[in-house]
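Both complexes shown next keep chain A, but they swap its partner, so chain B is in the first and chain C is in the second.
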Partner chain A sequence: MIPVLELQNLSVDLPLGGFLTRGGLPILQDVTLSVGRGESVALVGESGSGKTTLARAVMGLQAISGGAVRFDGKAVAGRDGFARLRRDAAMMFQDATASLSPRLTVGYLVTEAFRIHRQPLPDPARTARELLATVGLPPAIAHRYPHELSGGQARRVGVARALALRPRLVIADEPTAGLDVSVQAEVLNLMADLRRDMGLAYLIITHNLAVVRHVADRIVVLYLGRVVEEGPTAEVFAAPAHPYTASLIAAEPKPDPRKRRADLAIRGEVPSILRRPKGCEFHTRCPLARDVCRLTAPDLRPTTSGRLARCHFADQHQE
Partner chain B sequence: MGMTVVLEVQNLSVAYAMPGGALQAVRDVSLSVARGEVLGIMGESGCGKSTLAAAMINLLPPAARVGQGAVRLNGTDMLRLAPAAQRALRGRSVAMVFQDPMTAFNPVLTIGQQVADFVGAHDASLARPDRLAAMLDRVGIPDAARCLGRYPHELSGGMRQRVAIAAALLMQPDVLIADEPTTALDVTMEAQIIHLLRDLRTTFDGAIVIVTHHLGVIAELCDRVAVMYAGEVVEEGPVDAIFHDPQHPYTRALLACDPAVVDPASGRLPTIAGRLPDLTAPPPGCAFEPRCGMALAVCSQPVPRRVPAAGRSVLCHRGAE
Partner chain C sequence: MSFVVDPALPARRGIGRALLADPMGLAGLVIVVTFVAMALLAPWIAPYDPIALDVKAKFLTPSAAHWAGTDHLGRDLLSRIIWGARLALGIAITSVGIAGVIGLVLGLVAGYGPRWLDSGLVLVFDSLSSLPMIFFALAVITVLGPGTLTLILVIVLVSFPAYARLIRTQTLTLAGADYILAERAMGARPGRIIFRHLLPNVVGPLVILICMDIPVVIMLEAGLSYLNLGVKPPSPSWGNILAEGYTSLRQAPHVVIVAGVPLVLATLGFTFLGEGLRDVLDPRGAGRRWA
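The block that comes next holds the complex of A and B.
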């Protein structure tokens, strides 16, 4: 089966500025991943790992310095190519309320994609009503302005906007950040329903691992702009192959006072992209680092359990 | 544990003046925190957590009006003090850490200048560079002396939050209040700040109040928990009791919809249908009644506060039977 979205060795460099420096600062390096039809893939990693940059590159909002984006099996290139992709793939932004123009009504906002992409919109009011119904909002909301919405309602409006042109793929950047658990559950249920009813595929960017466990079939872990582990969600959670993935899972606070952690799973911060560590880039924080890790960079390789991990000792960490 | 109460909130009500009438953000809340204790305040957005926290440090926004009640710090009612005496207490005896530490800093001054100004306003001797550096070191900032010369934007969110905590602790306050201290951070930084706050308890002998809607943070960090709904504390008790034997239907519903506790194989997540009531006209009976799956006819009547065990309280008609 041809995946909806494929990234092949995608790299993004930020220009360093100054005409004496050639090349740039690598933000994403050789990222290869795919999202199948109707599949839900989660992209996780700490702040600054390159998640938003990846989403922007896929949408054509960020220049690519190497590799390729394929949609429905076809290479996407040029302004027109990405403009077409933005019709079939929609983005839900990180801050739902701030991404909605304050002077436009909800009814206008949910149908805005038709205007941007010059698609026929014979009965805007009716289309708005239908889109709002899809996300479980009453028709009267169409007359409201963004500041008159609750956090959960704003997030639903964001989903409705993303669905306007019946996309095949939705890229959701932190879809539940800042929401109460009750509202978060509503939004996640809605996303699951839409996936079932419309065959939507998702690329979900988040650092909330509890959310990942609920919505993603597969998980891709980024560290300093490189994929360090990839595999089916349940398997990765059961036995992470990369020490970084294990640290992220262990860092998540458990809502049970009887399961308090005695020690920190991961110390220190992500190194600056200006000073990438030599060898394995995770070695400065890795609890299992050995001498070889400081010298030789591991490749992203299949593990014996059939997943991918970028660690010299991936097979030994898994029992 | 010797239970010396440092901060006591008694029958406190706070409202905001609004065109449509007074919005009753905090309604008849009574709470106390002892020395060495960490109290968590949890509940959905808009239920009054930040307003209560601001009242505890006497830092309410101008639109807020205290209707009734008292906030006693070591026995003195802060709300009834003259403004100058209030300012002296704030910072010195009660300190606050906010959600986004960036907004608390001035972007054009170095970290060292700002922390020195902040603590120096209370006690010049605290502003000595060696004492500042020692405190930054204490909260886990590597190369603390150099950090003093940096600007806020040069630090990560987690580091800025550490600086804010260090500045608050320099004053050795009796009460440290942290409103959503980890909400703007990612998982690893959140874990480190939780670890730091827990670690501090062994040397800091004041009380800590944490406001958050992240249940995992409460479970990891707190000794006691107050659950708020529509301006009221609907349940209060030791953290283990709240998580393992919740008695109020709202507490139960809130714990049930956390994806961290739901088995992914079960498919749908539980939700709490409905919304908070209009706080300009809260109902005379139970405010949770329209959303409660266990409501009785009596629930539209004023709700009695039950004490099911020592140190616990529940605001619900049920359970009394």
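The block that comes next holds the complex of A and C.
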């Protein structure tokens, strides 16, 4: 079956310097991933790992410098390609309130996709009510302005906006950012319900591993703009093949603080992308780094358990 | 000059009330409303025909029959002032309105459009605003001849670049806002983004700037008319009344005084209103009234 979204060796460079100096700063390097129909894939990594850039590149908000984006098996290119992608895929932004145009009412905002893509909208008020009902908001919200919404309401409006044209893929950038825990759970449950009811595929960008466990079928771990591990969520959590993944999982707050693995704790800061470490880019922070890691960069290759990992010792340190 | 209007503060309904609570804004509002009413109702409230001559009644000082006295041709000054308000506000509001629309559209296009278009437009804005206003006005009037339309054209040409630049700056800061990215991600085309999402969020500061420019334009009109380069006599422009009164300053000083008072009041009124609006719409600037 053709995946909904495929990224092939996607690279994004941030342009550097003036008009005489060419070249750029690589933000994403050779990212290959796919999201199947109805599948939920989580993209995780620390701040600065390129997660948000990836989402923007997919939606055409960020110029790509290499590789290809394929939607429904067709390469996305040109005005028509992006118009189709933007109709059949939707993006939810990290800051839900800031991503709503401030001078327009919620009623207008949730039905705007119909107007943009010239879809029939015989009764805007009714469509708005229905969409708001889908995300569990009362109809009266339609008359409010974005600054009159709470964080959770704004997030739900964002979901309603994304769902307006019944997309097949939703890219959600930190869907739980800025929400308190009970509202986080509500939003995640809502997203899970909608996925079941509408057959949506999700690409969820987050650094919150609790979210990943809750909603993702598969997980892709980014480090400095490269995929370092990919595999089914349960397997990755049970036995991470890359020490970075292991460190992320170890760093997650645990109900019992004594169970935290101090030996796997991540050290130091993310290296600057201006000065990428030689060899394996993670060796500066890796608890398991050896001499070979400082010299040779590992490739992303299958492990014995059938996942992908970018580590020389992926098969050895799985416990 | 930079204003950023926070959409959250205050809510739209609150603007009027906040303006009324500010004594200066309230004074400005009252003066402006009075002048606008004078201008609109001129044919009904002016006691005499503003250009009707009555040579026997020249240089009358204020009296019950002529509240503001008469000029060297015996024309009723109150009527001329009232009709003058129509002329002054008519020219000021028309020209600043046209300049505002041009500045708004060009500023939005420069700020959101392609880079080359932005560079070209900024070049135009900078060239126009580098010209000294009075000399530019004199040059245009010399070529086209004095008159109301020339005056409006001059005012539009000298004022729209400042508006366009204000709007361009605002647009540039908003172009990267999340909601603009979100609209692009939904497939919104540039026209929709510019007019439905950027315009309502950049127009507030322009309204303030325009309001504060109206007195400047009133002064410019009066000044050029005073120099016989604006509205042609016998039309009752305040500048014309002043110019005519000046020649008879020793005989009848009341003519100049009577023509000067509305000019001062109108200028003050629009300035107060503009500053009141600015304080209401941009709370961060409050307290720096004369800065």
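In this text, the second predicted complex is superposed on the first by the 309 of 319 C-alpha atoms of A that agree within 3 Å, B and C clash if a C-alpha of one lies under 4 Å from a C-alpha of the other, contacts with A are read in each partner's own complex, and residues count from 1 in each chain.
The working rule: a residue touches a chain if its C-beta (ideal position, glycine included) is under 8 Å from a C-beta of that chain, and two chains touch if they have at least 3 such contacts.
Since the structure is predicted, the reported quantities are computational estimates derived from the model, not experimental observations.
*Asks:* With the two structures overlaid on chain A, would chain B and chain C clash, or do they fit side by side?
*Replies:* In the arrangement built by aligning on chain A, the partners chain C and chain B fit side by side.
*Asks:* After lining up the shared chain so the two structures overlap, which partner does A:140 touch, if you call chain B first and chain C second: first, second, both or neither?
*Replies:* It touches nothing on chain B or chain C.
*Asks:* Going by the contact rule stated at the top, is it chain B or chain C that touches a larger number of residues on chain A?
*Replies:* B
*Asks:* Touching A:103 in the superposition: chain B (first), chain C (second), both, neither?
*Replies:* second
*Asks:* In the overlay, answer first, second, both or neither for which of chain B and chain C A:82 touches.
*Replies:* Second partner only, chain C.
*Asks:* Touch test for A:151: chain B only (first), chain C only (second), both, or neither?
*Replies:* Only chain B; A:151 stays clear of chain C.
*Asks:* Check whether A:253 is in contact with chain B, with chain C, with both or with neither, and answer first, second, both or neither.
*Replies:* first
*Asks:* Name the contact category of A:185: first (chain B only), second (chain C only), both, or neither.
*Replies:* first
*Asks:* Give one of first, second, both or neither to describe whether A:269 is in contact with chain B, with chain C, with both, or with none.
*Replies:* The first partner, chain B, only.
*Asks:* Under the stated touch criterion, which partner chain does A:116 make contact with: chain B (first), chain C (second), both, or neither?
*Replies:* After superposing on A, A:116 lies in contact with chain C but is clear of chain B.
*Asks:* How far apart, in whole Å, are the nearest Cα atoms of chain B and chain C in the superposition?
*Replies:* 12
*Asks:* Over in the complex, which chain A residues touch chain C? Could you list them?
*Replies:* Chain A reaches chain C through residues 56, 59-61, 82-83, 86-87, 90-91, 93-95, 98-104, 112-113, 116-117, 145, 147, 161.
*Asks:* Report the residues of chain B in contact with chain A in the complex, numbered from low to high.
*Replies:* Contacts found on chain B: 44-45, 142, 156-159, 183, 185-192, 194-195, 213-220, 222, 239-240, 243-244, 253-255, 257-262, 264, 267-272, 275.
*Asks:* Over in the complex, which chain C residues touch chain A? Could you list them?
*Replies:* So the residues of chain C in touch with chain A come to 7-8, 177-179, 181-189, 192, 196-197, 200-201.
*Asks:* If you look only at chain A, which of its residues touch chain B in the complex?
*Replies:* 46-48, 150-151, 178, 180-186, 188-189, 192, 207-211, 213-214, 233-234, 247-248, 251-261, 264-269
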